[in-house]
Amino acid sequence: MAVKSMRLDEIAALLGGRLEGDGSTVIHGIAPIQDAPPGTIAFVSNQKYVGALRTTRASAVLVSPAVAAMGLAPQGVALVILDDPYMAFARLLQRWTDAGPRRVTGVSPRAHVDETARVGADVNIHPFAFVGAGAVVGDRVDLHPGAYVGEGATVGDDTILGPNAVVHQGCKVGARCYLYAGAVVGSDGFGFAPDPRTGQHLKIPQAGIAVVEDDVEVGANVTIDRAVFGETRVGRGTKIDNMVQVGHNAVIGRGCFIVSQAGISGTSRVGNGVTIAGQAGVAGHITIGDGAVIGAQAGVHGDVKPGERVLGSPAIDGKAAKRAMAVFPRLPELRGRLREVERRLEALERGSPAGPLGSREGATP
Amino acid sequence: MAVKSMRLDEIAALLGGRLEGDGSTVIHGIAPIQDAPPGTIAFVSNQKYVGALRTTRASAVLVSPAVAAMGLAPQGVALVILDDPYMAFARLLQRWTDAGPRRVTGVSPRAHVDETARVGADVNIHPFAFVGAGAVVGDRVDLHPGAYVGEGATVGDDTILGPNAVVHQGCKVGARCYLYAGAVVGSDGFGFAPDPRTGQHLKIPQAGIAVVEDDVEVGANVTIDRAVFGETRVGRGTKIDNMVQVGHNAVIGRGCFIVSQAGISGTSRVGNGVTIAGQAGVAGHITIGDGAVIGAQAGVHGDVKPGERVLGSPAIDGKAAKRAMAVFPRLPELRGRLREVERRLEALERGSPAGPLGSREGATP
Amino acid sequence: MAVKSMRLDEIAALLGGRLEGDGSTVIHGIAPIQDAPPGTIAFVSNQKYVGALRTTRASAVLVSPAVAAMGLAPQGVALVILDDPYMAFARLLQRWTDAGPRRVTGVSPRAHVDETARVGADVNIHPFAFVGAGAVVGDRVDLHPGAYVGEGATVGDDTILGPNAVVHQGCKVGARCYLYAGAVVGSDGFGFAPDPRTGQHLKIPQAGIAVVEDDVEVGANVTIDRAVFGETRVGRGTKIDNMVQVGHNAVIGRGCFIVSQAGISGTSRVGNGVTIAGQAGVAGHITIGDGAVIGAQAGVHGDVKPGERVLGSPAIDGKAAKRAMAVFPRLPELRGRLREVERRLEALERGSPAGPLGSREGATP
C-alpha cells in the first residue's frame, strides 16, 4: 500500500542514502524542486536545476555527493546524498504511489456500451459512461461516470477518462493516458468560410480526427479540436494542464509541458520538449522548435527557434523582453527627461544655457 | 413567491423610504451600483461607492439622507432615501428572490448513490448524478444531472452541484456552496519530474485534497486542483467566476472575488478580501496580501502587499502602470524626438546649431 | 455519400474552375496547404498564405486567377483556378464528407425526458441526456450523452447539443445551432453586493435568461451566463470558439467570430460582424461597433468604433499599437541614448563638448 508520510531517516534507509539533517522530520509528499512546498522531498539530478537548490522550500532534497559538496541548500533543508538521485526519486515515488492491486469492477449495468464496441479485459466502466458503436476500449481502461467514447474512437490500454471526459468519434487516445474531468478530445475545429455575397459563414466540415499518443495527460476542461482533414496530434509523453486549447491540425511534439489556460492555434507545429507557460498564446501556422520555452502570457506571432526562450506579447527573446519590461515602468520619467533635454537644447541653440530643472518629473510635453 | 418586477413607488413603500423621482418607473432587477444596467435598482452604503453614484446606469438607487444631499446622482436616476440602504437592499433582495418552499424530489432511481454513501435529508439527487462509496452528502443538497461526488468526498448542507459539476474523491465542499455546471474540484495538480537521461516525465502523485469552505461560489467550468499533499483551499465566502484555474496547494482566503479566466498557480497564497480581475495570472509561490486588487490581464510574478493594487504584465503598482501605459502609444514619437535631439546635439558640438526639424515624426534612427 | 477520391478533372468540373495540370491525377484527400502531402488538394485564399504555394507538396491547389498569375506553384503542382478558392474548398469538403441521410434513433430509454417536456419529430436523444419539465425540444434535434436541457428551456430545430452540453432553465437556443461538449448556456452571472459591516457578499439574483439565436456555434467548454434580468444574447450566425466567456447581460451581434479563450464581460454590447481574436478580453459596459476587429490578447477598456481595429492591453488603434510594440524591445537602448544625450548636453552647457561615447549601450542612469 502507498504511504502517506515517512520520516526522513526512513527515507534515507529505504534509498540507501546518507542523511544530512534531522532524521525525525516527517515528509508528507514528493515534488519537483522548483515547485516543492515545505513538507515535501525533492531531487536535483540535472545540472540545470542545481540553482533551484538555493531557493527551494522543500524540507529535504535528494542530491549527488558532488551537488551536496556545493553547499547550496538553505539552512534547515536536509539532504539525502546518493549516487543517482533521479533513480532514488523514482523508487521513492513508486513507494509513495503503490496503490496495491487495482480494483476491477467491470462494466456497470448503468453504463452504455454499444454492442458493436470492443472492450478489453479488466476495465472499469462506471455508471453513465458511454461507449459508441465500433469504439475500441483497451485493457484495464477506466471510464468514469459521464465519460464518453464516440463512435469508432479508440482508447488505449491503461488509459483513464475522468468524469465527463469526452473522446469524439473516430479519435484516438493512446495507452497510459489520463484525460481529466471535462476534457474534450476531437470536437470540431473552428473553420468557416465567409460568403462574400451574404456575409454569412459556411461551416467547413472538420473531417479529420484528433490523436493523443501514449503517456499523455490532458487536464480538466482542456479542449483539443479535431482536424479539418488529417490529424490534430499530441505527441507521446506530453503533459497538458487544465483549460488548454489546442486548435485543429495543430501538431504538438513529444515530452512537452503546456501549462494551464495556454492556447495553441490551428495548424501550428510545436516541437519536442517544448514548455508553454500559463495563459500564453500561439498564433496559427507557427512553428516552435524543439526545447523552446514560451513564457507565461506570451503572445507568439512568429516562429520560435529550437531552444529559444521568448516572452511578452508580441513575444520576443526572453532576455530582451525582461530588459524592456524593466524599463517600461519608467516611461513617464523618460518622457519627462526627454522633454527637459529638448528645453535645455533649445536654450543652448539660442545661446543661453538653461541648466537642469530642479524637478525633471514635472516636465511633460 | 418572488417578484419579477416592481414599480418604484411600490419599492419605496415596501422599504419605508422617501422617493425622489418617478414612482411609475418599473424596476426589473437588482444590481451592484457599478454594474447596474438600466431597469435595475442599486444601493450606495459604503463611502467607497459614493463616487459610483455619479456614473451609475441604474434606474434607481437606495441611499442615505446624507448621500442624497450630495446631489451626485445623474439626471433621471431616482433615489429612494432611507436610513440604512444596505439593510433595505437586503430586504428587497429577499422579496425578489423568495422562491417559496423548496421542492424536494429525493433521490432519483436513475441516479447512482453508492450504498456506503451517507446522504442527508431533503436532498434532490437527479438522474445520472453519481455519489461514490463513503461519500457524505448533507441535508437539502441538490445534485443536478451528471454531477459527480467521488469516493469519500464531502458536500455540505444546502450546497448545489450544477449539471456535470465534479467533486473528486476525498475532497470537501462546505455548506451553502454553489458549484456551477462543469466545475471540477480536486482533479490532479500538474506535477512532473523530468528524467535527465530520457527526457521523459515521471508523474508526481497528487496525494492531497481540495477544500472549498462554506458559502463559496465556483463558476461554470472552473478547475481547482487537489494538492500534491495537504490541501488546496478556497476560503469562506469567496466567489469564483467561470473558467478560473486554481493550482495545487494554492490557498485562497475568505471573501475574495476571482473573475472569469483568471489563473492562480500552484502553492500561491491569496489573502482575504482580494479581488483578482479577469484573465489575470498569478505565478507559483506568490503571496498576495489581504484586500489587494489584481487588475485584468495582469501577470503577477512577485508578492503583492495588503491593499496594494497592481496592473500590467509583469504587474507593477497600478498607478505607475497606468501612467506607463499612457506613454506606451507614444513610443514611436519619443524615439523620433530622441533621434532629433541627438542630431541637434551633434550639430551644436560641431559648433553649428541645426535647429528643430519641421517634422519630428519622420526621424527614426 | 462521401467520396474517398476524385480525379482532378472531376474536381475542376464540380467547382467550375479552370484546370492547369494533369486532369487524370487522382486526389485522395484535402488538406491545409502547409501540411498537404502528395495526393491531396489544398487551397490558397488569404494573401498571407501565397508564399506557402512555393513549397507545397500538395498535388493540386485551388487558387484565384490573381494568385495563379504569380506563377509560384512548384513544377508538377496542378492549379484549379476560380474566383473564390475558400468557398470552393468548403464545397469540395462538403462533397467529401457528405454523410448521406441522417440516422434517426429516437429517444433512448436511458435518457430522461420529463413527461411535461415537448419533443419534436425525428430527434436523437441519447442515453444519459436530460430534458427537464416544460422544456421544448425541436425537430431533428440531437442531444448527445450527458446533454442537459433545463426546466422550461427551448432548443430549436436541427440543433445539436454535444456530450455534456448544458442549456439552463428558461434559456433559449435557436435552430441549426451546435453547442459543443461541455458548453454551458445560462449559468448564473457573477453578481454580488458587499455588506459594508461584515465584508461578506450577498448574492444578486440572476433572474434573466440567455438567448442563443439561430445558426450559432458555441465551442467546447464555453460559458454564456444568464442575465441579472432580461437577456444575455448571442446573435444569429455568430461563431464562438472553445472556452470563451460571455458575461451576464452581454449582447453579441450577428455574424461575429469570437476566438478561443476570449472573454466578454457583463453588460457589454458587441455589434454585428465583429471579430474578437484569441485570449482577448472586453471589460464590462463596453460598446464595440459593427465590423470591429479586436486583436489577440487585447484588453479592451473603452468603446471601439465600427470597423476599428484595436490591439494591445489596454487596447489602442491597431496600427499605433504595432508601431509602439516594435519600439518596445528597444527601450533599454533608448534609455541609454537618453542618458548619453544628457551627459553630452551637460558638457556643452559647461562649455566643453564631450562627444559621443564609444558605446552608448552601457550608459544607464
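Note that the chains take the letters A, B and C in the order they are written out, and that residue 1 is the start of every chain.
The definition used in the following text is that contacts are C-beta pairs under 8 Å (C-beta built on N, C-alpha and C of every residue); 3 or more make two chains touch, one makes a residue touch a chain.
In this text, all values refer to a predicted model and were calculated from it rather than measured experimentally.
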Specify, for the interface formed by the sequence copies chain A and chain B, whether it is same or different in terms of residue numbers shared by both sides, with half as the dividing line. different
For chain A superposed on chain C via Cα atoms, how large is the rotation, as a multiple of 5°? 115
Quick one: report the Å distance separating chain A from chain B, using the average Cα coordinate of each chain. 24
Within chain C, the set of residues that touch 2 or more other chains is 128, 146, 164, 182, 221, 243, 261, 279, 297, 313, 328, 330-331, 334, 338, 341, 345, 348
Chain A touches which residues of chain C in the complex? 29-32, 34-35, 40, 49, 84, 86-87, 89-90, 93-94, 96-97, 110, 126-128, 144-146, 162-164, 178, 180-182, 215, 217, 219-221, 237, 239, 241-243, 255, 257, 259-261, 273, 278-279, 296-297, 313, 325, 328-332, 334-335, 338, 341-342, 345-346, 348-349
Complex contact set, residues of chain C against chain B: 112, 128, 130, 146, 148, 164, 166, 168, 182, 184, 187-188, 190-197, 199-205, 207-208, 221, 223, 225, 228-230, 243, 245, 247, 249, 261, 263, 265-267, 279, 281, 283-285, 297, 299, 301, 312-314, 316-317, 320-321, 323-324, 326-328, 330-331, 334, 337-338, 341, 344-345, 348, 353-356
